[in-house]
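Here subunit A shows up in two complexes: once beside subunit B, once beside subunit C.
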Partner chain A sequence: MEKKIERIVLCIKPVKTDLLFQNSNADGEAFSMNPYELKALENLIKLKRNGEERFCLTCICMGDKKAKSILRRALSMGADEGILISDSIFAGSDTVATTYILQKAVEKLGNVKMIVCGVKTIDGETGQVPLGLCERLGFPFLVNGNEILKVKDTSVIYKYRNEKETKIMESKLPAVMKYRDFKMDLPIISLAAIKKGKKKEILLFDSKNMEIDPKRCGIKGSKTKVIEIKNKYNKKEKRKLEGNIQEMVEIIINLLGEGEEKKEGDFG
Partner chain B sequence: MDFSYSQEQKEYRKEIINFAKENLNDENCLEQYEPKMWEKTADFGLFGLTIGEEYGGLGESYQTAAYVYESLGYACKNNGFIFVINNHVWVSQNIIYLYGSKELKDKYIENMVAGKKIGAIGITEANAGSDALSMGTTAKKEGDHYILNGSKMFISNGPIADIFLVFAVTKESPKKITAFVVEREFEGVKTGTNIEKMGLHACPTSELFLHNVHVPKENIVGRVDCGSTILMQALEWERCYEFAPHVGVMQRIMEECIKHGKTRQQFGKPIGDYQSISHKIANMKTAIEMSRLMLYKIAWLKDRNRTAYTEASIFKTYVSEKYIKTCQDAVQIFGAYGYTKEYGLERELRDALASSIYSGTNEMQKNTIYEMVKMMVI
Partner chain C sequence: MDDNRIKEILVVCDRSTEINRHMMEIIYKAKTIAMESGHLVSVLYTGNKNKDIVKGFSQCGADILISGTSPNKIGMWQFSDLVTRWIKKRKPQLVLFQSTEFGKDIAAIISARFEAGLTADCMDIFYDITNGFRFMRAAICDSVIAQIHCINCTMNIGTVKEGVFEICKLDRTWKMEMIPFSVEEDNTYERETCLHMSKEEQIKKEINMKEYSTVFCIGRGASSPECVEGIFALAKKYNACVVGTRPVIEEGIIEKERQVGQSGKSISPKLYIGFGVFGASQHLVGIRNAKKIIAINHDPKAPIFDYADYSMVADVKDILDKL
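Up next is the complex of A and B:
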């Protein structure tokens, strides 16, 4: 009997697009993939396309219905399965509650040989989810994965990288990997890939079908609470310089002069 | 009529814009045909958008195609290259796909969708332009073949095409024409050198010469002597979808004008604050909206397998007039900068001017529109 293909689960955090790009297009999606997970996704898809690697790439996203577009994109890029974890009682979940929900999702999926999470999310920046998942699932923790090179039946070969060194490691599976390489630019997807992605189903996992204890998720199940998230970019005044070089130099001198005046005034 | 876009259509738009901006706007290729761009566009899957999946296409609706081609015009500055795509997709591949036999489709469509074979259409002749049916190219039956003789003029894609949809006279009295698929590889097929034009330089154009070309009878599109119907259909498709990108081009040019109007200061305020500028931009926006409505109506008709002959003529005429006007106004708004090569607007205007000529001159379209509407009033 042929062995059932095992899953590699990639946990993708939807992050607000305007946190990623200063001048995000108004037409664009409100949410984008966390850059670490985007890079991991490309890495895993490349392994699948190269041939020998046999695994089912399952992308899971936790969030409201808007997060569905992230999964749709992942499926278009080449992921095999998309799971949307969504329920009103999950709102406000911190890393403790989130890892509990993700644990339940992984258990419901079954047949999981590896879980990959970005090193951190660019909004929360806690980096606690992969560690929490290891703890809950009892899987070994693979830190600083920079590139997955080969997925074998019972082990994974990957590039380990920290501030000082890069080395090739082989670790036993199952495991949870904290992936540290990242990518900002979205790859271009062909029209055919979009169509192909559309044909793949996105499954909804909610509190009922995952048999979640309501007391252990959402604000009730959380130890911390996010009060506010701010965009770190400050809009600056822009001005286009026109005229010949001499005229533009004069404009710049005047602008610098204005700056000086303001500076003096500030210290007034 | 539903004017909202589906999630999938939005994704298509987003990707075609990203794709075109990254791959089709090389400043060095804006005025020349670049085969690598063709290959990338084929890999991206644009050519098979409305073609069935059995031939490697996506089987999408004409509504989606209208939106995608409009987006292509918005993002791709290379109008000549868009013209290459349009000639391949809408008046060559699409006509074989819609009106050709299964045998003909099996023979050509998959390779055309994959971009391995480039298509062109051969209607116009040196002495048969607007009066296309006065053509002199002949096709005489000889056993299982037709022998084609004659020459075609102003064949867009001519120097690069592998497959030509050629119209030839198969009966003199009463005059009947037939549509044939002619391969470049057939003996007796030759194309002339590139014809230098005012604009659309990235679309190579030439004459097509046919000297005792043996074309198998299986290569007839539709039926013998019924080519005028195929020709009318081809022109209808051309007038609809070759002009869809122009709507997007107008949008892009309008946005450039708005930005310029906001940043260019004269007499102490942005020039966009002067009515002489803002009214030009308002006219551009009005033209874009009206063109878009007409385009979507045509796409709606096409998705229901209905004819859009009059609508296509109205759309073609209106869009080309407004496209040219938008480019002229943009040059005027940018002043001396607009007249320079560096800003690219003079190229846009040169490209736009052709739109009132190709696919049947606007004067001929107005004749058609009048002929059609006068039948409605008794």
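Up next is the complex of A and C:
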């Protein structure tokens, strides 16, 4: 047997498709990849295609059976392994419980040199999972990246960009990366690729084969509980105007006038 | 632990050299809760501490100031260890962090380390004896508010964004205890190295959208040169900030810095006027906190009309001509 190739694990959060594409239900599936992870997936696949990089790209997804379609897509796009982390006792996990479950999954996989997570999910928006996972696994490096440029044996080279500067950084491994770029479009996958992807197996990790302590996951293991959800936006009293341009212009001028009285600033 | 231990709320300040507004807002909020719950407010701060700064902390309600120096040399893990040390020693029931990138990272690490419930970006925090602490936060692109309660743990953690709470200086000076601590430089923590750095080419005058109470947004329906010119002229007249939706930014009509929405900035002006903005959800996310929204679009079915206070079905050009 040849030397084991080290894994890069991409944690993909399934998010409701409606949240991403409000008007079109283009792909007809209830769940889609969180856009940050989609971009990271494309980035990593591209690196693999270029050929120099040797790593096994493992996508893990926590959710119910419906999340399988996301892994199927990731495999079709070029990921090597797909792991569905699913168990009825995982339902209702908050970030403390989720990071515990993901830690167990990563430990079960073994041979992991880097974990990539989107900087946040577009539904929960907490951004806590990568940090918690890094803490639990005891990985020494936690980095922020906008693009992964090169994966070496013991380090990763990546681009970090903010409003003021772009940096090319190198971090030693093992590391957890918060991936900061995202992509809103659906990837186009050829039929041939879909066929190829279908041949790859999706493994199921559950509480038993991961040796999960049931007290530490799901609602039991969670430290936060959502008591109530309220709609924030009360319907506004709307005014709809059609046709009469003059009336519209007057309303705008009046409203602009109100703002002006209160503030006298310099002109930008 | 012993039952008569001191009940404490810990506020952890970022590694800044000075006290800032954001810290004061959180400390004052902590004090407001503490006055009802009987907690003490302790503040962990690593910046400079001259007389004015120390006074600033006591004025917004800190009972204990845990202060150290050399803020810039502390890395993320080291800072987390520092916070850990204090949590182990004082066992606070509530720990609040600033919702900055740094503060959120530390909060998430501490949450996993102590198996403590963490609510990110709280909009409000309540306390009552039977239920303990309760947190409110917005979720799903700011469209709903969730009330969150910590369970199965003795410590609650929250992060708070800037500007969520108000500052009120307390009229009387509190007796504030100062506890100094030393931060040893520790080189066992390795960091990533920078191989190459390039500054963004044009460092233009930064556009601080938050300073403007009026914002004009250019959408695809108003991207013709005449419209853009007209909108900028009008913005100058009324001291408004000009922003754009993603398609307009991508076509290079205005700068990336002016992008508003999910991939750009979120704004909360008193008045927002959308010129030819269709209202993709990704854009609407960024303007949901605007007080008043006027939308002008020729398409009566444009989704932005569902969120607007004034929906004007008209051609942008016709309106601009008369303004």
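In this text, the second predicted complex is superposed on the first by the 217 of 268 C-alpha atoms of A that agree within 3 Å, B and C clash if a C-alpha of one lies under 4 Å from a C-alpha of the other, contacts with A are read in each partner's own complex, and residues count from 1 in each chain.
As a working rule, a contact is a pair of C-beta atoms (placed from the backbone, for glycine too) under 8 Å apart; a residue touches a chain by one contact, two chains touch by 3 or more.
Everything quoted here is computed from the prediction, not taken from an experiment.
Once the two complexes are laid over each other on the shared chain, residue contacts for A:K198 go to subunit B alone; subunit C is not touched. In the superposition on chain A, A:R72 contacts subunit B only, with no contact to subunit C. In the superposition on chain A, A:K240 makes contact with both subunit B and subunit C. Applying the stated contact rule after C-alpha superposition, one finds that A:K167 touches subunit C and leaves subunit B untouched.
After overlaying the two complexes on the shared chain, residue contacts for A:F55 are found with neither subunit B nor subunit C.
In the superposed model, C is the one of subunit B and subunit C that contacts more residues of subunit A. When both complexes are overlaid on chain A, the residue A:S190 reaches subunit B alone and has no touch with subunit C.
Common to the subunit B and subunit C contact sets on subunit A are residues 240, 242. Of all residues in subunit B, only 7-8, 11-16, 18-19, 22-23, 43-46, 48-49, 58, 60, 68, 263-265 touch subunit A in the complex they form. Subunit C makes touch with subunit A in their complex at residues 76, 80, 104-105, 107-109, 111-113, 115-121, 134, 138-153, 190, 192-200, 203, 207, 211-214, 235-236, 238-241, 257, 262-263, 270-271, 273, 280-282, 288, 292, 294, 296, 300, 303, 305, 307-314, 318-319, 322-323. Interface of subunit A with subunit B (complex): residues 27-29, 69, 72-73, 76, 186, 188-195, 198, 240, 242.
Of all residues in subunit A, those touching subunit C in their complex are 19, 22-23, 94-96, 99, 122-136, 140-143, 157, 163-172, 182, 184, 220-233, 236-243, 245-246, 248-249, 251-253, 255-256, 258-260, 262-268.
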